[in-house]
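Right, I'll just put the structure down here and ask away after.
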Amino acid sequence: GDNGAAPQVVGVLPPAAVYQAAANAGAAKAAMPFGKTVLLGVVAGAYVGLCAALLMTVGPNCPGIGQSNPGLAKYITAAIGFPFVLLMILVCGAELFTGNTAMLPAAVYKNWVGSYLGNALGCALGCFLLLNSGLMPQFSNAINAISVTKISYSFKETFIKAVMANWFVVLAVWQATAAQTMGGMFIACLSGISAFVAIGLEHCIANMVFVPLGVITDVPGVTWSAFFLNNLLPVTLGNIVARALCMATVYSLAYGSLGKKVWKQ
Amino acid sequence: GDNGAAPQVVGVLPPAAVYQAAANAGAAKAAMPFGKTVLLGVVAGAYVGLCAALLMTVGPNCPGIGQSNPGLAKYITAAIGFPFVLLMILVCGAELFTGNTAMLPAAVYKNWVGSYLGNALGCALGCFLLLNSGLMPQFSNAINAISVTKISYSFKETFIKAVMANWFVVLAVWQATAAQTMGGMFIACLSGISAFVAIGLEHCIANMVFVPLGVITDVPGVTWSAFFLNNLLPVTLGNIVARALCMATVYSLAYGSLGKKVWKQ
Amino acid sequence: GDNGAAPQVVGVLPPAAVYQAAANAGAAKAAMPFGKTVLLGVVAGAYVGLCAALLMTVGPNCPGIGQSNPGLAKYITAAIGFPFVLLMILVCGAELFTGNTAMLPAAVYKNWVGSYLGNALGCALGCFLLLNSGLMPQFSNAINAISVTKISYSFKETFIKAVMANWFVVLAVWQATAAQTMGGMFIACLSGISAFVAIGLEHCIANMVFVPLGVITDVPGVTWSAFFLNNLLPVTLGNIVARALCMATVYSLAYGSLGKKVWKQ
Amino acid sequence: GDNGAAPQVVGVLPPAAVYQAAANAGAAKAAMPFGKTVLLGVVAGAYVGLCAALLMTVGPNCPGIGQSNPGLAKYITAAIGFPFVLLMILVCGAELFTGNTAMLPAAVYKNWVGSYLGNALGCALGCFLLLNSGLMPQFSNAINAISVTKISYSFKETFIKAVMANWFVVLAVWQATAAQTMGGMFIACLSGISAFVAIGLEHCIANMVFVPLGVITDVPGVTWSAFFLNNLLPVTLGNIVARALCMATVYSLAYGSLGKKVWKQ
Amino acid sequence: GDNGAAPQVVGVLPPAAVYQAAANAGAAKAAMPFGKTVLLGVVAGAYVGLCAALLMTVGPNCPGIGQSNPGLAKYITAAIGFPFVLLMILVCGAELFTGNTAMLPAAVYKNWVGSYLGNALGCALGCFLLLNSGLMPQFSNAINAISVTKISYSFKETFIKAVMANWFVVLAVWQATAAQTMGGMFIACLSGISAFVAIGLEHCIANMVFVPLGVITDVPGVTWSAFFLNNLLPVTLGNIVARALCMATVYSLAYGSLGKKVWKQ
């Protein structure tokens, strides 16, 4: 479109402005009342539960594709369901523990505790709805496969998968911050979320739906203690490392206050 | 696009502004003349009928996919047909009972009654067109399967499926309110509508097309009383709960007048 | 994108403005010289012919999909070919008989006659190109199936299918008017056009390509008189009813001059 | 998005402005130094060669789809590869002989000669790269099928296929001129380019890659003289007619200087 | 959208402005502290490693598609995984050796060395994560096939494949620079990256993940010396030629300082 007369506009933030917007969002989260953080955490958890119902309905009920093209089946599972969660959270407003990329002052810990607690309550609400919807038969393929897989890796492997997962999630949040349109925000969410789900990485809040449903429906070997020790603990730690180190620290060095000290520009 | 000289523009509303825009839209709906609400309700119902014809033509006539990959068949049914209804309603203007998220003053009840009545009339018009189009054979797979399913669950299950369905619908409306472009509005509609249809949740206005067509075409077991008691009653109640509680109340607490009282900010 | 400093912009018209823009476009059409209307009608008809070649090449030559998943085959036929026609017409400029939604003053009749005549001439030009391209073998599956189907329904059924078809077409035009971006206009065209083609509804200008090609290539039972009496007459009437009544009258009541009289706001 | 406070913006040109922008672009091309036209023609030709490698890798190597659903195979071949060429040319800047829609003053002939010459040189460079890449085995299915097809039609049929092809190409350029976003430009390119490739129409510059590769790799019956006489001559003539007559003349009558004389408005 | 009152805006840069923006970005890169370049190079390399995990999970694990439609399998591998890398790099900010298109003053060499070194370190970090994730079995199909292919061509063939690859990569960067929206940037990345991956071209940084994983997992014939001599050396040279000659020099001639000397305009 070469239209000299009409003004040029820019609809995406450049990298340094993305960092600054992410830092500002973190400050706003830190200043939020604890109760409101919990409330918006419940909302986010409920969205995870609702969209888990979509994820479990579509991809894991494609045995034809799964047999001959398991890679494609994984991507269908990854693309249809969870990318919408992050979009809903970012567009409508909600607090997702893994999406908060701010660094470590005291005020942020309050946000972490509130969002983690709220997310857990919201996931429990989501599980309650799914368990009472009469639709559990259509979720059983997914629950059986996913809940067992989640507790079957070593602590180290699970930790590393959690670091990788949340690196993708925070990259999605960062890109959605850059995008100034709904379409751009969706591409951002799709890119990061579909990647972590397809590869089979670990996200502590998503697991609060899949593994408890496995425990409650008596999937063999899936117990509360296996969930907490083999999965939730290493995953939560790995998710925190990714968001604090891989994104917040690195980009503060590149575009923020750490960088001003180090590069002396 | 790092183009320092050109102005940055934002094409999506932030969460608090989405809440405010949704609240404003609710106030405008409450102030609308009753007859106009009914008229625009008829329009919305007719769009449901028209797009139901598309839904019934495509997805339910894919037996090959349905046998080997039922999850994918559900998503095709969900993605092709009904997401366009909500887009038409929001872009061209129409009143959908389940989309009005405003809370409970008297003026709103008038809108609820008018849109529910209009939607029912519009769905009847839609059914009339489909029944006289000569195309009923191509709709029969869908009518047989859907109308029976809709009356086969318990009151509690149907109620819960209706809560989940309209949570998704209102999330779609909310996101479409945030989106300031047609592309963004389509993504919003697709995300929420495809989710509720694929999972098999319950939407009272959509059911006003599928189940009556089952009654009229003598699908075994599908009767008017089964429709009203097993389906329309619990679904209408569940849809109302979702829009009033899950969205309007929660986001008023987060960004609106309820929040101002509770968090005292 | 929460970027307080940058200005918010809106890239889609709200419903009342869409109505006003459609009314303005109708007034401009009515004022156009008759010869220019015919010329731009020829252009539109030629685009129908060109894109019919795409439609006939792709979808109807997918027998594998058609056997096991006829619903999907219909949607492929519907999505690849004709949505581009409407986009070309709206973006580059052309006069399509079925797309003019203005109501009934004398000046508008001139536009109707001019665009109908021009569309017929343009479709004849399109047929001439296809018949002399050496590509007729690849179009024969489509011509055989479509031309027979078009003349096989009763007058009433064909009329109703024409009402439904043009309701979708005008909904597409209306949404494209709301969209202020090319991407949005494409979604608008895709939503309405793919719906009417997939369901198998009736559009008088499109039929000016498919059925004449059936007559010329001696498809059994497809004659000029069958085309005019069984198809073109009821379809043209149904198309007119849809655009004049379903859209123009309804939205004038909701947002225009009729509404000002009726609701006295 | 009903957001009264924020300003409405328009991101697509209306038809008359598209014509004017296309005319302005033609004037700028006419004023370009001859050597620069040749250079940018070489660039465009090289892009054709690069993207031909993509086209030949994907679609023609799908024998499974090609056997049961040849229509779909044609569309895959058409959608993956060449739409990107036009996007690269329009976005990054390059001169494509078939894309210049300006009418016939002397200055324009210079642009025609320069771009045709440059395109031929660029296609030769593209062929050189492909022939020396070690990847010829993966291109052989495409080269064998396409190069024979291109020389197998009569002069009249090839000429008509060339008129239709470039009508689509220029419609793509015209729509891309209207689009003021990258997404819109891609839709424009996809609509026109995928149509002409899927139908099997004729584009003189694209053929400068496919047929010479057939000659060089000794595809039976594919000779330089067959290329020049059976294909390049009628295709070049048909391409010129489409761009000069179907678009430039028609839209000058509708929105430009010819129209001012004819309609006396 | 014909909406005369609202202002027209342009959301994509015209070619000459794209060149200028790319040149400005190159100057900014040249002025960056060396340590920061290495840091942002590590980030880019890590993104390559993360997205390689997605690429290896999906496409290469589709044996059903690969047998009957190898072209489609190649495109799935190409479209799902690496286009996201370039988007992450451009949107969040990172330094990719192959993406820097600036020409050859001394300051640029520093950027080249820093980004190449950083990319190598980041790829090593990526490999470390993949090797310790417990997910290596799902990557083995890809590693076995890709690492052997990469070392099996002659120096000349590999060099030419590297020229073609980076021509596509830089075309993607250039188009993303033109795009002023996230959606447009994604189309830019998808067009160039999917092309080079599907065709099987050579990108030195991507190969720093695939081939070392082949060496480490003892793929027969894949050795460090084969990697460095048969692949990394010719690929790095070819990548440099493409970015320096095919884009920077050509467009400086067309729109920049070289052009001002040559065409004397």
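A, B, C, D and E label the chains in the order they appear, each numbered from 1.
Methods note: contacts are C-beta pairs under 8 Å (C-beta built on N, C-alpha and C of every residue); 3 or more make two chains touch, one makes a residue touch a chain.
Here the structure is a predicted model, which means the values were calculated and not measured.
Enquirer: Chain by chain, through touching neighbours only, how many steps does the shortest route from chain B to chain C take?
Expert: Steps on the shortest route: 1.
Enquirer: Once you count every C-beta pair in contact for both, which comes out on top, C-E or A-B?
Expert: Counting C-beta pairs in contact for C-E and A-B gives the edge to A-B.
Enquirer: On C-alpha atoms only, rotate chain A onto chain C and read off the angle in steps of 5 degrees.
Expert: The rotation relating chain A to chain C comes to 145 degrees.
Enquirer: Starting from the mean Cα coordinates of chain B and chain E, work out the distance between those two points in Å.
Expert: So the centroids are 43 Å from each other.
Enquirer: Measuring centre to centre with CA averages, how many angstrom lie between chain C and chain D?
Expert: 27
Enquirer: At least two partner chains per residue is the criterion; list those residues in chain B.
Expert: In chain B, the residues touching two or more other chains are 1-3, 6-13, 15, 178-181, 183-185.
Enquirer: In the complex formed with chain E, which residues of chain C make contact?
Expert: So the residues of chain C touching chain E come out as 9, 13, 17, 21, 24-25, 176-181, 183-185.
Enquirer: Residue numbers of chain A touching chain B in their complex, please.
Expert: For chain A paired with chain B, touching residues are 7-15, 33, 35-36, 39-40, 43, 46-47, 50-51, 53-54, 57-65, 76, 80, 84, 87-88, 91-93, 129, 132-135, 138, 179-183, 185-186.
Enquirer: Could you please specify the touching residues of chain D with respect to chain C in the complex?
Expert: 1-3, 5-12, 14-16, 18-19, 67-72, 74-75, 153-154, 156-158, 160-161, 163-164, 167-168, 171, 174-175, 178-181, 183-185, 187-188, 191-192, 195, 198-200, 246, 250-251, 253-255, 259, 262-263, 265
Enquirer: Chain C touches which residues of chain E in the complex?
Expert: On the chain E side, the touching residues are 1-3, 6, 9, 183.
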